[in-house]
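Letters A, B, C and D name the chains as they come in the text, with residue numbers starting at 1 for each one.
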Amino acid sequence: MIIVMKQGAPKEHIDHIIAHLQKKNLEPVPLIGVERTVIAVIGDERLLDTKHLRAMPSVGQVMPVLRPYKLASRETQPKDTVINIKGVKIGGKDLTIMAGPCSVESQEQISLTARAVAATGAQILRGGAFKPRTGPYSFEGHKEEGLKMMKKAAKESNMLIVTEVMDARDIDLVSKYADILQVGARNMQNYTLLRELGKTKKPVLLKRGLCAKLKEFLLAAEYILAGGNPNVILCERGIRTYEDDMRNTLSIGAIARTKELSHLPLIVDPSHATGRASLVSPAALASIAAGADGLIIEVHPNPEEALSDGDQSITPEQFKELMYKMVPVAAAVNKRISLTPPDEPKKPKKR
Amino acid sequence: MIIVMKQGAPKEHIDHIIAHLQKKNLEPVPLIGVERTVIAVIGDERLLDTKHLRAMPSVGQVMPVLRPYKLASRETQPKDTVINIKGVKIGGKDLTIMAGPCSVESQEQISLTARAVAATGAQILRGGAFKPRTGPYSFEGHKEEGLKMMKKAAKESNMLIVTEVMDARDIDLVSKYADILQVGARNMQNYTLLRELGKTKKPVLLKRGLCAKLKEFLLAAEYILAGGNPNVILCERGIRTYEDDMRNTLSIGAIARTKELSHLPLIVDPSHATGRASLVSPAALASIAAGADGLIIEVHPNPEEALSDGDQSITPEQFKELMYKMVPVAAAVNKRISLTPPDEPKKPKKR
Amino acid sequence: MIIVMKQGAPKEHIDHIIAHLQKKNLEPVPLIGVERTVIAVIGDERLLDTKHLRAMPSVGQVMPVLRPYKLASRETQPKDTVINIKGVKIGGKDLTIMAGPCSVESQEQISLTARAVAATGAQILRGGAFKPRTGPYSFEGHKEEGLKMMKKAAKESNMLIVTEVMDARDIDLVSKYADILQVGARNMQNYTLLRELGKTKKPVLLKRGLCAKLKEFLLAAEYILAGGNPNVILCERGIRTYEDDMRNTLSIGAIARTKELSHLPLIVDPSHATGRASLVSPAALASIAAGADGLIIEVHPNPEEALSDGDQSITPEQFKELMYKMVPVAAAVNKRISLTPPDEPKKPKKR
Amino acid sequence: MIIVMKQGAPKEHIDHIIAHLQKKNLEPVPLIGVERTVIAVIGDERLLDTKHLRAMPSVGQVMPVLRPYKLASRETQPKDTVINIKGVKIGGKDLTIMAGPCSVESQEQISLTARAVAATGAQILRGGAFKPRTGPYSFEGHKEEGLKMMKKAAKESNMLIVTEVMDARDIDLVSKYADILQVGARNMQNYTLLRELGKTKKPVLLKRGLCAKLKEFLLAAEYILAGGNPNVILCERGIRTYEDDMRNTLSIGAIARTKELSHLPLIVDPSHATGRASLVSPAALASIAAGADGLIIEVHPNPEEALSDGDQSITPEQFKELMYKMVPVAAAVNKRISLTPPDEPKKPKKR
């Protein structure tokens, strides 16, 4: 850590800080500059709450040197994490495709969609049974009934299930049906939920918050990892910016940078990230080119009748076309993608 | 609602939409323009999910005309809401000052602070017992022990208590001690929590999310109001922007605009909004001048030893100076502020 | 255009607006809704200054229906514009690669770089002779001397030249050397400069402003087009957001969306957009996958000695590797890319 | 400056950097930490281009310690700058009020407005003769004719004139009429213009760019100061954020923080900052409370007929009411404001 003192900081303020740091078993090195004094700190600064230091007299700036997350960092684990769920691998060389409707609406809708997306290689069925909605007057999902419909549809098509859990109290219920628990963007900093998920071993798809910095995104993952659950899958879904022509801003740089900073698998959601069906395909291809480990895509057999987010859903035909386009892009970045229906999921090993 | 069709939209697409709207008991009025056709819709568009419409063929744009929130809107209730808690009024002519440390650290710290801020007119004691923290390795608060300390301190100084509830399961516990339940910025869209708070009558201080639009902020309030709890107090605490020199960006316009859009009381948090002790006083004065109904301010007897957010806490002396400066500003905008210690809280009426 | 009146707007205010619109030869259609009156306007609303309307009594919102730009819009010209400069085509099926150092530093540096990037297919040499710098104390470029060095280097390697013009008074000078005049992001709304460039026929590479909306970006292009110069090349270089881990945020959606909205060629600058050499290659591939018509990349033979922006420059070896990776990605989106040195530029036709 | 090396940086990379710094007459101090090595640099780092360092092998981060601007900084000059123009003081104890229409439309309009605003204390007449417009099809102002009208109006009411100069070539022309030259937000980084203004002694009102950081804003001022013109007046006019309910986001913190960082006078433009006439008054009062040295306000005798920005103009009556409200707010922050018509401007001293 580097502490930059204000101009003209008196010696007793500097000494006060040095004493404070020494008490914390850190080694402070004062450097007397032309205009200012700087105190460099040797030791593990993460043990220190920097806000104390910022409040001390004559302190100008406090600049951390180490990243605040450890378990999520590639510095701690250089090798890509690969999460294997019943034979489906997430991370590493394989591209994983998750697809399905925004909301589970009926058995027919979800079964039909599952069959359609599995036919060209989607391995994981997405769909909302518990839906977070901005306003209190919108459709909120079929809850457990919806989970049952997903389960049936997934089984018919040999798929796994990813679906959102909105509250710590629902973890057990949703875990009965789902293979991956999704934490929605609005809940990325719901620490109660993160802590509870850290106590399970269930894979978690953690969506980036609407205005989370990459550091905060990885710190949210750290909550789950620190609890003892190593199965965290990151999900980039765009951020909020001044640009109002699309639902969100999907940053190419953030995809590549997240892969640089962390060993965790990264899935991109081009549907929420753009909010426009016509942009899903280019955004999906670009995400793969930028280094994503997979995609989660909204597909609806009849987008205009979708009970939510119809404007960003693509049809099964468009999905198929996209899957074929992905092959050469995947190859260009040394990734494998399968266009064949998934095999029956392997029995999970007992833990 | 206004539906703008794409250029060259065929007649059958237009007819399809008209039929859809009529089925929903709305009255569509097609307007054939020079370059495009526009369909104006008469009726309560809030009954309609606009996303369906966006997904229909040849639809270019869908523009809602009515605001999506009703109960929070000044159009529904032109008069300012005044919330009376044991004799302390929030909203209307009176400025309400909430003050206290970021975290409750010890009985001495909280009692001392309470006495100091009550002495110049603060009526409500703030302090964190359950603390949301960005990383999993930081101090998280003394939990119920902290609530007990707050209760004691508040009682000694005739103050009310506002403190955060982070999880729906803690509402009962926190309600035993607190007069106002705070929903933190990271939980503004935790709909489970909002719905549960809607079922109580307990006053709620709802903090604006880090990147919430005003519309979303008022929709979050609508969740609580729609559940049957009319006692919602809005709290502006700045938003995240590209400006990185301060913790957040506190928008003058948002303060004035929120008061225009809604009848609910609005409290400003200049401490989190700026993140710098030196800016708290000008930001507080400016908030009052812009129309805020009160302030929530971090005060710590010894900021440099604070266990959290010390760099943005002011001392009791600085708080006192600020209270005196507020008097003429309050007068300039027709608000009253008291500089005397609060009276004993009135017994709450049975409901 | 749609004019939404405030609730309870009196009839005389509505009549006043109707009369105003009729005077302007537009056809107003009042629609009396349940809660509000809406006036739909038939005719070319671009002839109207909407700000007048917004200031009229009882007007709530004014929503334009048509896009404010015409010449840049794909609605006006559905087919891709292809700009042919001495045989090098920009737009359409071909990917165009512009490469070179941030600043022209010496004859040796620029010639060496030109040879290196031309060897694997770059056709256009980039390099700054006039450099805009955030602070007044930084290196500002070699001015005309630098242009001469570029000219020599480009000639040796059969390349064309793109370089920035910072002031309308320099257009003639820079045009003597450059084939494409670049307008920097900071000058995207320098209307004097845009108007003067509209009077020439010289191709213009117009960089998107740091916080320009897509609409404003296309309106800036419209300035040049409206002046009579059809040779506008758009350049996406990322926008400023709260995300501070990278220099800028390069939006995948913006690339795809710009191609949807406009027929003009779109070049992406992955170097400025990410500000990190390690992210240039994934960002470049992703841009192509998203639909870009080419790239402008900073390449420096020795990035650590670069006089500006060394941290985002890649080496000639990295550039070569990137060019090879681009081939399959280009194929996946139906684009051609050449890996062979450019032919001698064709003599420009007299105009 | 602090240079943080990557983990495992080899000794020769560290030595390479140390040698480089020593060559530049700086004193590098290497600090070997637990996980990383940090090199602290003693000396005036502003002489160094940090981008070189960032491009060097094994360099992780480069953190400047000193601010990049000198002349604009309060560290260099602790005392408030007061600019005296013909007896009107800007900065220090006095609040300066600039008011007038967005565009000069006719002699009658400008004279009428001048009289109205001078009557309650405005000392400086604002008005656009050269108007920057986002699209090429909008009204661009009456140019020199407009300047003549302003001159006449200002003279009648004993006011000074502030008006925009959009191009370096117009400085002489505009200077003949104006007392203060305004640099618009879109031109804040038009370095040609800034440099030319640095060569004059004419007071400059420098508007903050739409997405300029405070550091960049002060660096733009530094351009003018470094050229030899000490008469720079900063103007805050809001920034662009995701919040789309108002034209811009006016940051309370930015006002107070700019006054902390710089000794230059700061004027706030509540009209452009909010874009809504109803918010001008609260935003103006809040700006004063936050520490601004004055205001620049759009006033139009008949806002609905304004040729530009009518929706954010207030009427002379509203202006008068605002001036009266400002008195107690000004007093609360130790500022003086005059409600009487200005005296005849003093003859400028020869320089």
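By our rule, a residue touches a chain if its C-beta (ideal position, glycine included) is under 8 Å from a C-beta of that chain, and two chains touch if they have at least 3 such contacts.
What you see is a predicted model, and the numbers here were worked out from it, not measured in a lab.
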item: Copy pair chain A, chain B: interface residue numbering same or different (half cut); value: same
item: Most remote chain, CA-based centroid, reference being chain A; value: D
item: Copy-to-copy rotation for chain C and chain D - C-alpha atoms, rounded to a multiple of 5°; value: 180
item: Approximate Å spacing (C-alpha centroids) for the pair chain A, chain B; value: 27
item: Cα-centroid distance, chain B relative to chain D, in whole angstrom; value: 32
item: Centre distance in Å when chain A and chain D are each reduced to the mean of their C-alpha atoms; value: 40
item: Touching two or more other chains - residues of chain D; value: 211, 240-242, 244
item: Chain C-touching residues of chain A, taken from the complex the two chains share; value: 211, 213-215, 238-239, 241-246, 248-257, 260, 270, 273-274, 276, 278-279, 282-283, 285-291, 325-329, 331-333
item: List of chain A residues in touch with chain D within their complex; value: 2, 4, 7, 29, 31-36, 38, 40, 42-44, 61, 63, 65-66, 75, 211, 240-242, 244
item: Interfacial residue positions of chain A with respect to chain B in the complex; value: 46, 49, 51-52, 54-57, 68-69, 132-139, 166-169, 186-187, 189-192, 195, 210-211, 216, 219, 222-223, 226-227, 240, 277, 303-311, 313
